[in-house]
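Okay, so chain A shows up in both of these, paired with chain B first and chain C after.
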Partner chain A sequence: MPVKIFYGHVSWLIEAGVDSIFLPRLISVAPKEYICPKFMGLPDMMAAAFPNRARFIAPVVNLTLSPRLFYRELEKVGQGLGCTAKETRKAWDEALAAQKRFQSFLQGGNWPAEYEAEQDRDTESMVTRPLDNPNLRIGLLGHSYVIYDKLASMDAVSRLHHMGAEVLTVDMLSPARIEAQAVRWPKRMFWTSGRRILGAAWEYTEMPVDGIIYITAFGCGTDSLTAELVERTVRRRSQIPQLILNIDEHTGEAGVVTRLEAFVDMLRWRRAR
Partner chain B sequence: MKVTFPHMGTAYIPFRALIKGLGHEVIVAPACTQRTLSLGTRYAPESACLPLKINIGNYLEAAELGAEAIVMAGGIGPCRFGFYAYVQQEILRDIGCDMEMIILEPPASGWQPLLARLRRLTKGVSAAQIARTLRLTWAKLVACDRLEQLSLTVRAYEIRKGSTTKVLQQAYQEVDRAESVDMVTRALRDGLANLHLVPQDRGRQVLTIGVVGEIYTILEPFVNFRLEEQLGEMGVVVRRKIWLSDWILHHLVLSAFRKQREAGLFRWARPYLQHFVGGHGLESVAHTVQLANGGVDGIVHILPFTCMPEIVAQSILPSVGEDYQLPILTVVVDEHTGIAGIRTRLEAFVDLLASTRAKTGSHSRSGGLLTPAAGHSR
Partner chain C sequence: MTSMRASCGTQDFYLGIDVGSVSTNLVVISGAGEVYHKEYLRTKGRPIPAVQTGLARVHQKFPDIKIKGVGTTGSGRRLAAAIAGGDVVKNEITAHAAAATHFHPDAQTVIEIGGQDSKIIILRGGVVTDFAMNTVCAAGTGSFLDQQAARLGIPIAEFGQIALQAKNPVRIAGRCTVFAESDMIHKQQMGHSVPDILAGLCAAMVRNYLNNVGKGKEIRPTVLFQGGVAANRGMCKALEDELGYPVVVPSAFDVMGAVGAALLAKRHIEENGVKTSFRGFGVSQAHYSAGSFECSRCANHCEIVNISMDGKLIARWGSRCGLWEQEEIAYQSPIDHLQELCYH
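Coming up: the complex of A and B.
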């Protein structure tokens, strides 16, 4: 489903009349790890669906290879946009700094939409904060492009906030803790996002968390195995109830709301006991 | 140790020779059936791809026959297959099936664990015996592939339906029974000769269809509903470029050579797909272009439902088809696929190709390199 949404985004951009679209080919964002195979083919999939391949600026991001190769890719992008190598390098450093700021903002228990609001932009998409004193704590798992997307997640986060729950995400945990927990799995997880999810799941089992919710897009290949491992391990290691929400374009809002409510009610009931 | 392994087409023939040669008792799981699939879907995650589910069924049916250990390949991504063995191990553990899982990871993830597991399998076996076993295994692997390759042509011309398949099965049995490389050579020679002897009507007008896609669904006749047999019996010569021996060579033994092989694939796929996407996604695109240049009437692209690399290929193939004026049929299989549905679609596809052929005259695409209408301008 996220790929279908992606087609929608690109189509919207093209209709809006843009000249070129920046669409990096993400292969590997950490050494010896991969991204989902669909990301690797995205530029080609878009070129097959929309005419004129040249309009896609698609540098290869493969950090398993040497950093030098990556910088060369960046410089090529810069050249295409009429920048010198030095300007490109400077732009890259600024981008990295912005990303760091963003990540530490999230780690402070915040949401991406709030970052936008802080940067004084579109405040409309702002996520509501939990009630003043949330009495439940839920560990959320899932790919960032699902859990932070109102459409793809059916706005699950705001709904949970409204129900008086505090919601934790992978990005709010310390990267060092996630890494420490991820290596406890016997086989090295080769998908970066999957690896973070496994690490976070293990961390949740050692934290005061009332429940774990895993939001996944129907047909997601990496989640089909990651969620299975999470489910089995959490069950073996703890008593924490889990909910796996599998969403696709046919999912009805009422179904999602009912399941979230039932899950939250159940958690409250357990807590009261 | 009683050892088993998952099925994939005729892979059981070389694998049996391999494990037997290493001094273990081999338990070959019963051929895949509806029961295998039901067992697999009962325990496997719902949205996992089909091969994982069938593997689980194979293990459980082998366990019923007394298997104690499973030999399974690993992987380093990005395709899900790399995680199969590990997830399957967890599943078996939770249902209380205590078979030992011997996972052979490709050398790219480090030689140490691979060697340790190989030592576990080869304990007390002399180097000469190991060498002999490997030679025998390889001979059987190649023999099976060659027999199958010939059958893909012969079947289209056979006079009595099913006669090729019968001869092929007998030839497989002979290869399976062979205990030395010489015997395999003889079985292969006899098998090929017998296939040539199948009564054929060589004057018949046949269509040629290229089969591309994910390797397991291409090789395992249970999951593809005997796709190639069905096509052959409709009078279609099947061509494909995915063979078990290639996979063993590249995935398990020589991942070092991948680069070299990919260079060739890249050349073909370049106008459409410019990067490796895991599994056989790049192959599917490259092979389609290659087959389009080699004179096929159409392409059947087969994949398991939710297969990530093949979804990439699937969304790109239509533009290849458009550029080469080549019809492409995509067949997605999972546990809900019914044979009647597949059969109907194949028949309709073959009818379509036959009527195109009738209109455009014989084999419009044979020979010579074809320049696509608009392809390389993309």
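Coming up: the complex of A and C.
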């Protein structure tokens, strides 16, 4: 489903008159780790769906290979845009710094849309905040393109905020803690996102959270394993209730709303006893 | 019962409305928490007239009844609350659990199979500790039993009795109802008797339920079996055979959601000492209309629904950004006071 949404985004960009789309071919962003194979195919899928409508700038990002090869890919992108190797390196350094700023902003307990609002005073933040004095704390798991997408996740985060819950995401945890927890798994998880989710799940079990919610897109290959592992580990290691929320292409919200409401009721009910 | 009815003019009553995909149930409970009256209607794809008819029937039977509070539940709970004036709008899980623990405080498991959904609720010490609902697939719910009974020309009410006459229940693939149907047809053409096939179907549905909805859940007695399908004796027997011990079918099994909603409304009214938002039985005569339009302010194209009563807008929902809900209408969205309605 997220791939289908991606088609929509690209279509929207093209209709808006964009002629070049930056769409890196993500294979690996850390040594000995991989990104979901669907990302690898995105540039091809888009080129096939929108032939001759836009140019896709698709450098290969594969950090399991030598960094030298990666920089060569970057230089090729720069050349295509008429930049010297030096200018490209400078742009890359700036991009990395911006990414770091963004990540530390999220670690401060913030949401991506709030970053936009902070950078540009004209943009109004569309992010809801929990009601005053939230009395529940929920650890959220799931891929960023699912949990931060209001449409895909049926706005689960705002709904939880409305119900008076504070919501934590994987991005709000310290990367060092996630990594420390992830290496405790007996077998190495080689998907970057899955590895972070597993690490975060383990971290949540050692934190004061009332419940854990895992939002997963129907048909997601990596989640089919990760969600199962998370469910078993959390159950083995803690008493924390968990909810696995499967989202699909239904526009009907009843199923999602009922589950979220019932889960929050359950957490409060348990706590009152 | 008769003496209670005679005095109903002075007593306090609470109304529970459960608008489900297949049935719409209305329940009146007494101030003591007893089921006083129930109405079971088919939704027939038109929830608004179903709620209105239900209200009219209650009013006709008890013209003097005083309703102190209204609770709504089911997938049409917001709609029902807008029409009748709901004090509590609760999801089905919490409503069913509230009703189950009210009548059977020792219950540890609630198995609920309705028209198009099925759920399991795990209770420990009267508190919900885990729950699950069926996902996209409606296999193994009442609708399929309805459909198969119709195919065999058996009234659904007799389905269970016929299944109980089985001598050698046949094995039917219950994973998917499409396969189950072709398997049933195969068995029938091989010459197996109808009772054996129906009993086999019940067993297959129970296996499907326990493997999908009940997957990984610790099912412990006392097990309550509720929802419309609990009326089917064949299903009860198949469930008991599979679990190895008896299950309890509560007396109000088919309207437990509505009972739970009424109980939660009662608790809300009593604890907070507030007045009900019930619009009165007159709403059964009011003219409701529901209209929708597609908002084109952004790329999401949300479908906005307007509910009007006698030409006046009373509720509106459907936008993802909340824009339309805020505009022009002073109707407080039920979700806003969810926190205060929490079960405790």
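One rule holds in what follows: the second predicted complex is superposed on the first by the 265 of 273 C-alpha atoms of A that agree within 3 Å, B and C clash if a C-alpha of one lies under 4 Å from a C-alpha of the other, contacts with A are read in each partner's own complex, and residues count from 1 in each chain.
Everything that follows uses one rule, which is that a contact is a pair of C-beta atoms (placed from the backbone, for glycine too) under 8 Å apart; a residue touches a chain by one contact, two chains touch by 3 or more.
Bear in mind the structure is a predicted one, so any value in this text is a computation, not a measurement.
Undergrad: Look at where chain B and chain C land on chain A after superposing the complexes, then choose clash or fit.
TA: When both complexes are placed onto chain A, chain B and chain C end up side by side without any clash.
Undergrad: In the overlaid three-chain picture, which partner chain does A:Ala254 touch, first (chain B) or second (chain C), both, or neither?
TA: In the superposed model, A:Ala254 contacts chain C only, not chain B.
Undergrad: Quick one: classify A:Lys150 as touching chain B (first), chain C (second), both or neither.
TA: After superposing on A, A:Lys150 lies in contact with chain C but is clear of chain B.
Undergrad: May I ask you to decide whether A:Tyr214 touches chain B, chain C, both, or neither, giving the answer as first, second, both or neither?
TA: In the superposition, A:Tyr214 contacts neither chain B nor chain C.
Undergrad: So in the superposed three-chain picture, is A:Ala272 touching just chain B, just chain C, both, or none of them (first/second/both/neither)?
TA: So A:Ala272 only meets chain C here.
Undergrad: Check whether A:Leu229 is in contact with chain B, with chain C, with both or with neither, and answer first, second, both or neither.
TA: Only chain B is touched by A:Leu229; chain C is not.
Undergrad: Once the two complexes are aligned on their shared chain, state how close chain B comes to chain C by Cα atoms, in whole Å.
TA: When the complexes share the chain A frame, the smallest chain B-chain C C-alpha distance is 6 Å.
Undergrad: Find the residues of chain A that appear in the contact set with chain B and again in the contact set with chain C.
TA: Looking at chain A, the two contact sets intersect at 218, 246.
Undergrad: Which residues, counting only chain A, touch chain B once they are in their complex?
TA: Touch list, chain A to chain B: 3, 25, 27, 32-38, 40-41, 43-45, 47-49, 52-53, 60, 186-191, 218-225, 227-229, 232, 246.
Undergrad: Please output the residues of chain A touching chain C within their complex, sorted ascending.
TA: 8, 12, 126, 131, 150-151, 155, 159, 162-164, 218, 231, 241, 246, 248, 250-251, 254-255, 257-259, 261-266, 268-270, 272-273
Undergrad: State the interface residues of chain C toward chain A in the complex, per the touch definition above.
TA: Of all residues in chain C, those touching chain A are 75, 90-94, 125, 127-131, 133, 135-136, 216, 299-300, 303, 320-321, 335-336, 338-339, 342-344.
Undergrad: Over in the complex, which chain B residues touch chain A? Could you list them?
TA: Per the stated touch rule, the residues are 45-49, 74, 76-80, 82-83, 86-87, 90-91, 94, 109, 272-279, 281, 305-309, 311-313, 315-316, 318-319, 378.
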